[in-house]
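A, B, C and D label the chains in the order they appear, each numbered from 1.
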Amino acid sequence: MDFKEIIEEIYLNVKNLDDKGKVATYIPELENVDPENFGVYITTLNGFKFGIGNYKDKFSIQSIAKVLSLNLAYQLIGERIWERLGVEPSGTAFNSLVQLEADNGIPRNPFINAGAIVISDILICNLKNPKEDFLAYVRNLSNNPELNYSEKIAASENEVGFRNIALCNFIKSFGNIKNDPTEVLDFYFNLCSIEMTCKELSEVFLFLANNGFSVNSKTSVLTKSQSKRINAIMLTCGFYDESGDFAFKVGLPGKSGVGGGIIAVHPNQYTIAVWSPKLNEKGNSFKGMRFLEEFTTKSELSIF
Amino acid sequence: MDFKEIIEEIYLNVKNLDDKGKVATYIPELENVDPENFGVYITTLNGFKFGIGNYKDKFSIQSIAKVLSLNLAYQLIGERIWERLGVEPSGTAFNSLVQLEADNGIPRNPFINAGAIVISDILICNLKNPKEDFLAYVRNLSNNPELNYSEKIAASENEVGFRNIALCNFIKSFGNIKNDPTEVLDFYFNLCSIEMTCKELSEVFLFLANNGFSVNSKTSVLTKSQSKRINAIMLTCGFYDESGDFAFKVGLPGKSGVGGGIIAVHPNQYTIAVWSPKLNEKGNSFKGMRFLEEFTTKSELSIF
Amino acid sequence: MDFKEIIEEIYLNVKNLDDKGKVATYIPELENVDPENFGVYITTLNGFKFGIGNYKDKFSIQSIAKVLSLNLAYQLIGERIWERLGVEPSGTAFNSLVQLEADNGIPRNPFINAGAIVISDILICNLKNPKEDFLAYVRNLSNNPELNYSEKIAASENEVGFRNIALCNFIKSFGNIKNDPTEVLDFYFNLCSIEMTCKELSEVFLFLANNGFSVNSKTSVLTKSQSKRINAIMLTCGFYDESGDFAFKVGLPGKSGVGGGIIAVHPNQYTIAVWSPKLNEKGNSFKGMRFLEEFTTKSELSIF
Amino acid sequence: MDFKEIIEEIYLNVKNLDDKGKVATYIPELENVDPENFGVYITTLNGFKFGIGNYKDKFSIQSIAKVLSLNLAYQLIGERIWERLGVEPSGTAFNSLVQLEADNGIPRNPFINAGAIVISDILICNLKNPKEDFLAYVRNLSNNPELNYSEKIAASENEVGFRNIALCNFIKSFGNIKNDPTEVLDFYFNLCSIEMTCKELSEVFLFLANNGFSVNSKTSVLTKSQSKRINAIMLTCGFYDESGDFAFKVGLPGKSGVGGGIIAVHPNQYTIAVWSPKLNEKGNSFKGMRFLEEFTTKSELSIF
């Protein structure tokens, strides 16, 4: 059975699942998305591409963007990143302040909010025009020069982002934020507002399956070793306190967002993007998780 | 460059490192081991075998045995295991009671002490002669019918094992231990006292690189899917709160023990066992970690 | 209005309250007590004595005994006690292990279980026949030479005391228990099994209202300064995580037990004992707390 | 020996103590205070007044002001306050976010920063001109119509107040702050910037020794019951995680500030204010704590 057949079969199974998940409601832009959307797109290194369902519809990639900001920061200052944050799973919720207090303002990893905020601070220190430059970087990785922030989403996030304001100021109180918290958060909220389709997501992340080389930008975005390391962090930390479960059931590096998107990477083989807005209790796409679990089970391919 | 050359080169480099680690001292049997011991052994699926240094010397495999007890429990009662413990990294030290209190007696994963104690309880419920049957199971996976518990080490562990007694009774107070705590701990202390050489360790674990099929016992110890899942747990939880770092730097599923041993598994390729008694601050073999980091870097092979 | 009238009036009001509390059920000896029991007894320094309801019925004083063991330890080794435990409110449940882990085995105060276990250890080190000597001490403070441990209750506690076994071994793992945990727990379970009536309780504790001088034993049990300090600890730590609320609403030093008893002390004035077995959510007697709140409100007497 | 003699004697003893404390340095206005300042002032209900040392010098009362804002809020909305915060000791540092996360944004008590910020929010909701009205309230309690905020200190606090900004936004994320965080923090930073002398402090707080009746304003600021309750909270929560120790050693309700001031209240007797800028490890005045300990020991008067 090939990828196309497998994807079609699982897509139908999972589409009809009684989906107990719930759409994120903390901002209107996420609340008003049609909960029945469900799209999948795969891109393999040997040129196979296939999509099904709403794979051409744009959605808010949210925390998935944290992998891209991490990549750019890693490219810019290398291993010095790790002086300011760790690579360990947090064992607590994505927006917890507890661990941060115990760890004196050093976030456990770059994918919890605290870590992504520190990465935002690093980018602001190292880019001339942070928002423009980061957007250019993402566009360059994609086939689509019109990828953009959603001003509306960024504004909404800012309006209700008291917990992130708390996180940023808390880290600043430990000295691990160099810029003005308002500026850092503006960058962070924009970062998370980027919109893509499943197709775009799958294509943009292909360099992580390709030892760091981006087919779209025709450049090595990361070294082979760096690319492996990003995959390792996605595997251990990509799904908040469901990371172990994702590794256990799916067995691929990946990253989810509260908009219902998930990107998964099979090194040396493919990337696959899934989108379904209803979230499980841990804040990850209910159908997305199920689809990927069945996909690696049926294809009998995982990194393990 | 082939495995032999790589291993020889790295072995020499790492052997001469200024080793800041410290031998475990909480029982005399570990304290009195020669700290300069350093052995490595690799076994590949296509038949290559190679050892260097003290690879024929027995040492106490300690927590590495937790993978074997988990395997047997998984084989015996399947996915029902996960009703009593999780698969998430703990984010705290291996013997912490904090997480356990927050999680009402459900250990985060099978490799922290609390989880291994629950697995011991499961085995006692499901084996006729727990200690004898478990030993037979391990011997069957090895080429060596004389593998054995160290009575001396088990007795020493018992004498100073107040924290593990605390853990076991604490879990029992939540109802997640079915047998008498004294019996459970006796099994647990024996389990961790097993002694092997690097060669034996590498050979015993080969079935995890081989989709669950053991060449030695000529049987499928686990299904392909189960075998992948054990590897996933080793990757996310195998090194306590250094698990993320091991995934990041080494990029292989693995498990360490306080005796200074580490087993690492490259699915579909090989297993490699390393032993050096001096431990880093996180309780993992200082030289062992360094050796494996350089080994996957130089061989440019990791699961990512 | 005098004490007698006030007590009679409040007793009737509170007796008829819709009592939402629940009797402790973890051992049969507590579960089988008639939940409608309700007794009160006051003893003043100027000789007034008055009881109402079930004030002559014996009940298990449980944690109230921790004040007596603390007193004896204080008398025996003085301020050296505080090298092994603190005097700060814990902010967590009475049997929590979390704080203990953060504080390296030094219990926050002598009234959480961990602290009372350390006090038990101190007594064992400093008494020839710990159980006999302690009982003699308590009998000497009372008018009743027949006060006794309940062997049945002590045995029941031991059977289900996994959490206390965990606590004791956990503290031992930090080096803050000197004797064998089994012996320490045997003493501790006996200590908590002592049975008294409200009348006896009120009389035994009178020395704390009397600057340390016991009318019954005709000796200074504690110095004036020590007596004040015990009262201070009762005020800040006597009711687990409801201590602040008790100080706020009742305004007296006091101590509760899971058997439904409460002793309260008004320095230089009186002691009052209340007993009603149904407990509120925090584990303190529902009617007992309400009675004392109304008593200090109506009498307009509190230490504040 | 009367109060005057006792105070003079202890003042000399403590003045010459080798003071291991350290002046607060997080803002220049506190850092630049002469560390050798040491003042004491007592006011009794029967008209005795006595001061020694720097009792006429103004200093920043800091957290002591939290008692005054609590009083005003209590006066304005009564027991409804306790829907938004508790009266339990926190068991953690004054600016911890951990407890707040566990308690879903409900601060443990009104004297940790989180609690005082919620009280500030309550005052803003219930006063026409919050800053002016609060100042008028404090002036009215004193003999001094010129008491004032220090604009300089408030501005400095604001500049470095990242942790308080974090706290306020964190509480807001739980819905327990109604106003704009910036406005709440502006009020809070002003509140803590008030400057008084020991003499003024002692006089302003006298109503708490007087069942709520203020001699200066000739009105009942609080009811008798409310006044007792404020004293109870000061006793259990007034010194952060040194509250139990203060109750134990000093035995009076009190409140300290990071400027080195302490106010203590003996209900029905007196108030005493102490000021010495060098702080012990817990953030309370080193000499102030020692002075009060010796004062209640020597005078043999405490509430216990």
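Assume a contact is a pair of C-beta atoms (placed from the backbone, for glycine too) under 8 Å apart; a residue touches a chain by one contact, two chains touch by 3 or more.
Model, not experiment: these values are computed from the prediction.
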| item | value |
| --- | --- |
| Farthest-lying chain, centroid of Cα atoms versus that of chain B | D |
| Whole-Å separation of chain centres (CA-atom averages), chain A against chain B | 32 |
| Chain A-chain C separation of Cα centroids, rounded to whole Å | 55 |
| Contacts with two or more other chains, residues of chain A listed in rising order | none |
| Listing of all chain pairs that touch each other, if any do | A-B, A-D, B-C, C-D |
| Footprint of chain D on chain A - complex, ascending | 96-98, 101, 162-163, 165-170, 172-173, 181 |
| Chain C residues touching chain D - in the complex, by the definition given at the top | 86-92, 99, 108-109, 224-225, 227-229, 231-233, 235-237, 241-245, 247-249, 251, 253, 267, 297, 300, 302-304 |
